[in-house]
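Two complexes, one shared chain (subunit A), two partners (subunit B, subunit C).
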Partner chain A sequence: MLIFHLGPLATSLFSLLAILALVLSFVMLASHWLKNHVYAFAAESWTIAAISASIGYYGHYPELYIIAALTALFRGTFLPYLVLRLVKRLDIQREFTPLLKPSSSMIIGAALVIFSYEVSRQLGVALHLTDNIAVLALTCMFSLKLIGFLMMILRSEAISHILGLLVIENGIFLGSQILVPGMPALLELVIIFDLLTIVMAFGMLVRFLQTHAGTTSSRGLQKLVG
Partner chain B sequence: MVNFDALIAALWIIPAVAIILMLALRLPHLAEYLNLLTSIAVFGLTLAILVAVPDKALVTGEQYILLTPLGAWVLFCVGLVYLLASIYAIGYMRLLPEEKPRLHKYYALQAGFALTMLIAPLMNNPGIFWIAIDFTTIVSAFLVGFEKEAECIEAAWKYLIVVSAGLALALLGIILFYWGGTFVLGPTYALTWANLREIAPKVPETLLFLAFLLTLVGFGTKVGLAPMHTWLPDAHSEGPAPVSAMLSGALLNIALLGIYRFLSIVDSGGYSLMGHTALLVLGVISLFVAGLFIVRQDGAKRMLAYSSLEHMGVLAIGFGFGGPIAFAGAMYHMVNHSMNKSLMFFGAGNMMRAYGTKSMSKMRQVLRYYPVTGALWLLGAVAITGAPPFGLFLSELTILRGGILSPNPWAVWVMAILLILIFIAFMNHFRRMIWGPEPEPDEVPTLNLSLWNSLPMWLALIPVLVLGLWWPSGLWGFFQQAFMVQP
Partner chain C sequence: MLGDIVLQCGQVLTVMFLAPLLHGFITTVEERVQRGKGPSIFQPYRDLWKLFNKSLLVPESATWVFFWAPVVAFTAMLIVPMLIPVLTNFPLPLSDMGDILGGGLILTLGSFFILLAGLDTGQPFGGLGSSRAVMLGILAEPTLILVFVGITFLDHSMLPFVANHLLAKNPVAYWSPAHIFLILAFFILLTVETDRLPIHSTIPYEIYMIDEARILEYSGPLLALLKWASWMKQFIFYTIFLNVFLFPWGLSTTGSFPSVLLALLIILAKYGVIGLLMVGVDTMQSRLRFYRYQEPLALSFLFAVLAIVADQL
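Entry: the complex of A and B
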């Protein structure tokens, strides 16, 4: 298995990239400008593409180069482009009704990272993997997941919800690249395309929301209760 | 030997061709009959697959297709509900003259929704099963929002966001399962249900539990188990009535099949009790939440949506009890609920169109204005609350009987009490609709319902009644067989 046969250089490279992706998610937490969110998301996706490519190199999985290229192309370029176009079309520059200030949300985010680390450490002990890169990968995967959920909870704009979901998916992708690089490539390809369709579906629905419901904020969507 | 490959290929190709034809020809009237023909063919094929299904798991299509008795049963439910909903859709959509120019799009989406649901239960790869479930969500979200009113779009949006977020958790669980397997089978192996079951005994307990709980919560969101059910009442109440029937009667079963398959992985890992109890507890919570919301509900379809939550709770409890008796009860309940819930949504759709409101307090003297539809609807309500002599009574009783012998007998009592509560609440709502005060003069319904509106209600009610009076012994044998085979 790859995680057992990594040299020190590869380990530090993977750690650096994984932590970079995690830091980028904090950039998203700290800003209320939707454009910044999209740029941070694009950068995060490129980081994950770099992880895929370097794992392909160190682990001798040539198919991961294709995955890396597609990740950079779709997640890093095309998806951010679609979301940016949506931001422009809806003419929403920033998140107006955040539940918490950026500083408070970052503190909650930090707490979530600590929680993720604790869960991953426990898993690492159970699997006899302490001090392994796997613990870091699990930490990043769970943290991105929880931070994505946090973004969806704290913000009410529809676009922020899409971005939160994308951060969650990025977290899963990051973790799966390091933990299970041998997973059938077909599955990863299909997941990339699945993500694309779902974002397009979101885009269409957001426009319907604007024209037919008159709002794109979940605070305005309160007709259906009970 | 039946050629399953050909049957399954036909099952997928016929709807696909129909969708292309509907979108290419753009003829509303042709589309409705084309969809009806497709659904008849699909129903026939699912029935043929069910009759011929072998008594062991069949893997075909280069390892990508898995056919098991339970899978064939779920597939049959899809075919059945799709047929009923297609008959009803003709009557229902004709009541919406403003949608006529877009009718071919509606039927293409409906056939597409059925197609995604015909694919998912046959997937041998949990990852691809996950993707198929994701596609059912995307297609059905557009059906929920089809009428383009503010409420419909709001429901579709919430549905898509909540379910996608939930399913993301399930994907994480699947990846953790696969990761657990890499310690046993090496870095690359085929991701199949059978492989995951094989590695389960060698995976550390913590990892197995974590992965299972993530998939349980993820697919539980799709099943609509409380407390992840928040999308369900919105989506089921705002879509057109035939879509509500398909969401409730067919889609929820498929997600539950997924949960049951993951449960079988935990079972073969030797941690059966924990997995079953987790599912059982979610089922009990769902029943409780459904009961509370049914008591104080006014929207007719919202009440039925909470009733779906209730019945998914009953199914989760049935599968959670484990053991052959509760399992057979749960399978029997699945088909009974599929038919009965379709019947209820059809009745609600008719009454909503007739009275021009969703509110039950404004639907008054239903039996006087609509003796046939109203009576069918009332009988359906008696059946759906689990009263004799209908099929759901037998299946719920069987689940309760199986539960007494299970490791969690406490849930039998909770389930029985909550079912009685729901029965009272349901009957109270229907009492007000039937014997309530006269409607205001300007609220007297004048709509004439056609045979298309009542025929599917007959077609659903009669089997539910027959299955309540007579449990075919062949069916009992089939359920026992299905219990013995890995799902």
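Entry: the complex of A and C
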């Protein structure tokens, strides 16, 4: 894990970028406007692309530059574009049915961050991780995943579910970039195209729901129709 | 030694006499930005002079609390500048009287007495203002304490001077995520504690009032003391924000007369910049509904928690 060591300034940079990604996920958690969610997701993807590029720079992995460019292109530009198009088609501007108020969900999110920090600290002790940046990456990874789950639990619109899924995916990608930077480039390509397929399939599903059931909220879809 | 005592008095006097100027500056610039003409930036001094020369009216239902609250609030604001770096970046004779948490407690004591005064006369708006202020306090105080805890984790000391030294000399600490999150958390608290939008309204209508509603019954010299205390509180929060968190440079390091003068000039410049930032906040933000007050404060709380988590790494 994390086969190269970093100077203090690089460590600060990495922590800053990783935590920035975490903060952006909180923007998604706390805002009700679907557009803001998509923009925050795009910004988060660009942050992760920046992490990839700087790991490529500091750890001398030239193939990571390509990965960074692809991340920015697909995750940061193309996926948000697709989701925005979906939002426009469906004509939903905001999530009307959250279970909790934004402030309460932020507090729950903060608790989840503390929980993931504790988990990653224990993991760090168990795995003898000497670098703090590894523990930080683990914390961010777990927190992003948990926040993604939280978003999916608290909201019922199908679009929010896609975004929650994408946040979880971003978390895994962020962790893998920092923890195992030498991952084969092919694998990363597969992940990126996987995501595209997921979003497209979801898009079709959502539009199917819209025409056949009249709603895309999972709370409106509880009755069985034969 | 004598020089140090003079400097200590100088810190208190700086806060006392520059606080109205800061308030006047912000009010004027805000008016100018919003296409108005605005009063002179020295208007708060004239207001104080006018109020001190007026006669004092005390409501019949008032008790001793009504008289003592402004005095306690004003005195509390005179004590806090001794504990924090206003002019010098080294501790002065009485600076170890209390740490950063002690300063916070004294600030809260002042607000607490104004709260009691609001309830004291039994006037409806006073009670309204007090209850709103308490609700805000319940939301804001834990975050303030968390921010102080965060800075304590960062510099391993409860003294604001240590934080100032560490941040001024160590760029790695200054640019660490923990510190940046503390700045963000404290900035939100700053808007709440210095009566800015998105929570406090700038329009003096009774329905929107929080802090002003508590002092509606006051007049004359006591009102002057209260107003002056609230301006000093604003100045003190700016001081903590700038000299401990955001901009730890530009203070006098030797305590010699020219360096103190230079520090004063730098204070004018940097407080002005933060004032302009606040004008921007006031102009661009709209006031939040009462039931959405917790949103900016939850954000601030979140930043403080993130800072503490980042500190541990």
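In the analysis below, the second predicted complex is superposed on the first by the 217 of 226 C-alpha atoms of A that agree within 3 Å, B and C clash if a C-alpha of one lies under 4 Å from a C-alpha of the other, contacts with A are read in each partner's own complex, and residues count from 1 in each chain.
Definition applied: a residue touches a chain if its C-beta (ideal position, glycine included) is under 8 Å from a C-beta of that chain, and two chains touch if they have at least 3 such contacts.
All of these numbers come straight from a predicted model, not from anything done at the bench.
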Exercise for review: Name the contact category of A:Leu99: first (subunit B only), second (subunit C only), both, or neither.
Suggested key: neither
Check your understanding: For A:Leu179, is the partner it touches subunit B (first), subunit C (second), both, or none of the two (neither)?
Key -> first
Practice item. Determine, under the contact definition given at the top, whether A:Leu127 touches first (subunit B), second (subunit C), both, or neither. Key: first
Review point. When the two structures are overlaid on chain A, which partner does A:Leu9 contact: first (subunit B), second (subunit C), both, or neither?
Key: second
Study note, to complete from the structure: In this superposition, the partner of subunit A with more touched residues, subunit B or subunit C, is B
Review point. Can A:Ile19 be said to touch subunit B (first), subunit C (second), both, or neither?
Key: second
Point to revise | Contact residues common to both interfaces of subunit A (with subunit B and with subunit C) | key: none
Review point. Which of the residues in subunit B end up touching subunit A in this complex?
Key: 125, 127-128, 131, 134-135, 138, 141-142, 145, 148-158, 160-161, 164-165, 168-169, 171-172, 175, 178-179, 182-183, 186-191, 204-207, 210, 233-234, 237-238, 293, 296-297, 302
Point to revise | Residue ranges of subunit A in contact with subunit C within the complex | key: 8-9, 12, 15-16, 19, 22-23, 26, 30, 101-104, 106-107, 109-110, 113-114, 117, 121, 132-133, 135-136, 139
Practice item. State the interface residues of subunit A toward subunit B in the complex, per the touch definition above. Key: 1-2, 119, 122-123, 126-127, 141, 145, 148-149, 152, 158, 161, 164-165, 168-169, 172, 175-176, 179-184, 187, 190-191, 194, 197-198, 201-202, 204-206, 208-209, 212-214, 221, 223-224, 226
Point to revise | Interface residues, subunit C side, partner subunit A - complex | key: 172, 175-177, 180-181, 292, 294-295, 297-299, 301-302, 305-306, 309-310, 312-313
